[in-house]
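Take a look at these structures.
Each of the two complexes below includes chain A, the first together with chain B, the second together with chain C.
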Partner chain A sequence: MSGDEMDVAALQAEIEQLRTENAALKASAASGAASLLSIPFTVGRDDSGATTELTNAEIARFSRQLLMPEIGVQGQLKLRNISVLVVGCGGLGAPAIMYLAAAGIGRLGVVDYDVVEASNLQRQIIHDEPKVGMRKSESAKATVNRLSSFCDCTAYDMLLDSSNAMDLIKPWDIVVDATDNVATRYLLNDACVLLNKPLVSGSALRMDGQLTVYNYDGGPCYRCIFPKPPPAETESQYTSITFDFRICSTVPGIIGCLQALEVVKIAADIGAKFSQKLLIFDATFGSFRTIKLRGRSPACAVCGDEPTITELIDYVQFCGSGPSDKTPTQRILEEVDRITVEELGEFRKAAHSHLLLDVREKVQYDICSLPHSLNIPLAELEGRLPDVRAAARHGPNTSGTLPIYVICRRGNDSQLAVQMLQKTGFGQAKDVIGGLETWARDMDSSFPTY
Partner chain B sequence: MTLTITLEFSGGMELLFNNEKSKQVTLPETFTPGSATLKELLPWVRDNLLTERAELFMQGETVRPGILVLINDADWELEGELEYVIKDRDTIVFISTLHGG
Partner chain C sequence: MSSNTIQVLYFAGARDATGIPSETLSIPSGSSEIAVPAFIQTLITQHPKLSKVFSTAILAINNQYVDHEGRLLEGGESVTVKVGDEVAVIPPVSGG
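Right, the complex of A and B next:
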């Protein structure tokens, strides 16, 4: 090989090396804002074991919020190192859990005791059709795992009560109240006060939503605002007037998103602005109004200066109602004033003349009804007794009055209706035990339930 | 001189008040400007506007637990609760706390 040839070979080797270096640099630059931000690429940990540096993958994943000065690298690390417990995987919990996982919260706990039902899917978007029948907490965890490999999610398939709440909540930094009942709300509040955790609380019903943060930044707790639960003796009537089972799909979604936002703000030290403030969302008006709440009450039973509640109490007893969101079956009438769905089926088959009075609201009657029934909603019954009288006289037996069977969705309102009818001259009125839900279950599986 | 105020019902309270969310009312002359308080207003609202049973709105002389009263966008506890002296053009909101989710 001549000297010239040797020079050419050396130059070619040098060019090759430069090409390799160039390609490596290009790849590095293409991997995102990483090299521009001059962030170290190794993962460090401080004495507590918390991550002190972001990985390349984390930088690529969360770049859009890393570039926000409000969050930045330090904020993202805080999200990475914080743990959040979301109690309730329903309408509020669904979007809250998904946004928290997506935003980079490092550890999420999701709690629910229920299973996914078809009627949940309209608003609980963390669950989908193949998950009907699955435990809600497991379903939520599966969605989180698909959504992000950066979130360590633990599912708790359990009903929270005084015996398990303290142990469950203790290891978590922030608690999200995404529950649906007053007993669990008091339970979570007291546990968070006793364990000194911020409680990001949301609620939604019909077209209304509310949001606040309790026990944070020197502000009040739930008990400071509501020292006494709503009286149990009027609650079922209030519930039936205010239709507590109605809910517009996006309303809890909006509140759940706001809960996730407040958690991120607390976690990243931006600060939550809803301590001692209540956001009231009215979806009918399209209005968001934030009002100022009272401060922490020195007389509060749990967070006051001389607390009387120093450990968890019996919340079902305190509230007079439990955490189940299913309507309890009431027993108002005596056996003699009631008939079973089987008896009703026999009467209908035998063309036994009777008046079937359906006392559900019109919107429910429109969904499904038994043929030849008369719909008079319970709320209108008192004013429409002449209609009942006319209908009960109708038919072949015009000289007398027909038996009246009163039906509703579950058999509670129908008992109230029979009570009213019996007091106003319709002694023959009887209630159908268990209502249309029982009819669908025992007599006609093709009859819809809702 | 009379007092004219706006009453608002929210969070489901409107269902106890003929489904009206907002109502401007001129209080009768028994409400003396400068001294009439919420203590007098509550029974008046109950007797004149409530369309459902009284115990769903009031318990004793105050509102039923679970109902929050706002006076001009502030918790009534900050304004003296029942002792608050009604001013002309006040907005008083009765809001039911929600438990659902």
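Right, the complex of A and C next:
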């Protein structure tokens, strides 16, 4: 028995010793592996002072694209050492910024002057519900910081204009146009030509997307292709002056992703394939089409042989429209031709007979409307005046006419409608100041806004 | 597409102005080509709202940009729209 006990004790001691040796070997192997991994691919700094080595953490983080010969270590270092300015943190900027940060772009600048609204979140996936009300640039930066500790992101809460664009853009290597308006597109184009920066330009509206890389590799600039801005909408009489807010959520997402891809290709010296080409994405038919554009135009006002634009100009004046998507409040009618939402509320409460004409598009009317209103969109109004006449008939002999109050979303189109009505025999037509948004704000907080 | 017609594609605002994504046009009998300015005028006559669209829209014949005179570059030769061609009317999209 005692002999057995001795054997057990000896075996236990041996097991203990083997365990200790095993642990020591494991530790040694781990540190050996770590020291092997810590040998950098390349060491030192190049002449420009840019760092030319990847850390272990970077190797682990970007391994999937390090394995691609198109990028590899050299490409990844280029991404890290390049700086990209994304103008616009909306539908295009959201995926563009996130993919650029995720892919390892070393320095990102994100520019926007606006705040996050609930209606943005359907497509601007860089923002989320807790960020409603936050500055968009700060929200974008916060997302970048969460996404990657390898990206140095700077937020610029500012509206770009001729006075600040050159100074802002100058230090950056590549500029991404992720804006939503014509004036800022011409501003960015001219600044990028004057500062010799590639401009990765995307745009999207409704079911249409477009992508081109301008001012790169001998290709054209935006003005070479589109020398003239579109005519300002307000020029045409009785045409809606409401900013076009219609946008399918994934369309800017797709274009924004392609913008990020073009930036990565420029940064990694793979070359942009949409220089001198226009990509058209038609989401309705699911088609991508590439149009071969012209080269740089020698007659171009900014990048041509004898440029007439040698410094930034007034782009709001040039385009006849500004950068803000907040529809400016127009004042077309005189005071006497208008009523307030309070007055409308009184008339409705007192059951004072009137015709309430809602001139918004049907899709908007379907979202929300005031009871007992007649919907005739502004664009159809001229052809449907008999309907207005019929609805405004009043009294037993139907010879009298009801007062007509015209309402729209924000009180601009309703004024155009009243102008048209007054010229076509409806002198009694008046417009409701501030439209349904003001109604919701001042009269009925349960009325939806969109 | 039959061989004596031209396929016209309308994008973005051009689709709004015409109400259609595409159409097939015939060239007047006896000819097989039409100058670009005349072709644009034909489209505007057919769809008057295109006149405003053409103040900024670009034209692509068989996916190659041409200006409203039918030239690829200033001073270059003009091309014409020929039967069998596909012509795209592309206004700039500015939103984002």
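Here is the rule we go by: the second predicted complex is superposed on the first by the 390 of 450 C-alpha atoms of A that agree within 3 Å, B and C clash if a C-alpha of one lies under 4 Å from a C-alpha of the other, contacts with A are read in each partner's own complex, and residues count from 1 in each chain.
Rule of thumb we're sticking to: contacts are C-beta pairs under 8 Å (C-beta built on N, C-alpha and C of every residue); 3 or more make two chains touch, one makes a residue touch a chain.
Quick caveat: nothing in here was measured; it's all calculated off a predicted structure.
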After the overlay on chain A, what do you see for chain B versus chain C, clash or fit?
clash
Given the touch rule stated above, what does A:D282 touch, chain B (first), chain C (second), both, or neither?
both
State whether A:C192 touches chain B only (first), chain C only (second), both chains, or neither.
neither
Would you sort A:I126 into first (chain B), second (chain C), both or neither based on which partner it touches?
neither
When the two structures are overlaid on chain A, which partner does A:G88 contact: first (chain B), second (chain C), both, or neither?
both
State whether A:V144 touches chain B only (first), chain C only (second), both chains, or neither.
neither
Which superposed partner A:V302 touches (first chain B, second chain C, both, neither):
neither
Footprint overlap on chain A, where chain B in one structure and chain C in the other make contact:
88, 90-93, 178-182, 185, 202-206, 208-210, 225-226, 228-231, 244, 247, 252, 255, 278, 280, 282, 284-285, 289, 291-294
Help me check something: in the complex, which residues belonging to chain A touch chain B?
88, 90-93, 178-182, 185, 202-206, 208-210, 225-231, 234, 237-238, 241-244, 247, 252, 255, 278, 280, 282, 284-285, 289, 291-294
Which part of chain A faces chain C closely enough to touch in the complex?
88, 90-93, 178-182, 185, 202-206, 208-210, 225-226, 228-231, 236, 244, 247, 252, 255, 278, 280, 282, 284-285, 289-295, 297-299
Per the contact definition, I'd like the list of chain B residues that touch chain A in the complex.
10-12, 15-16, 21, 52-53, 55-56, 59, 64-66, 68, 70, 73-75, 77-78, 95-101
Listed in rising order, the residues of chain C that touch chain A in the complex are 11-12, 21, 52, 55-56, 58, 60, 63-65, 67, 72-74, 88, 90-96
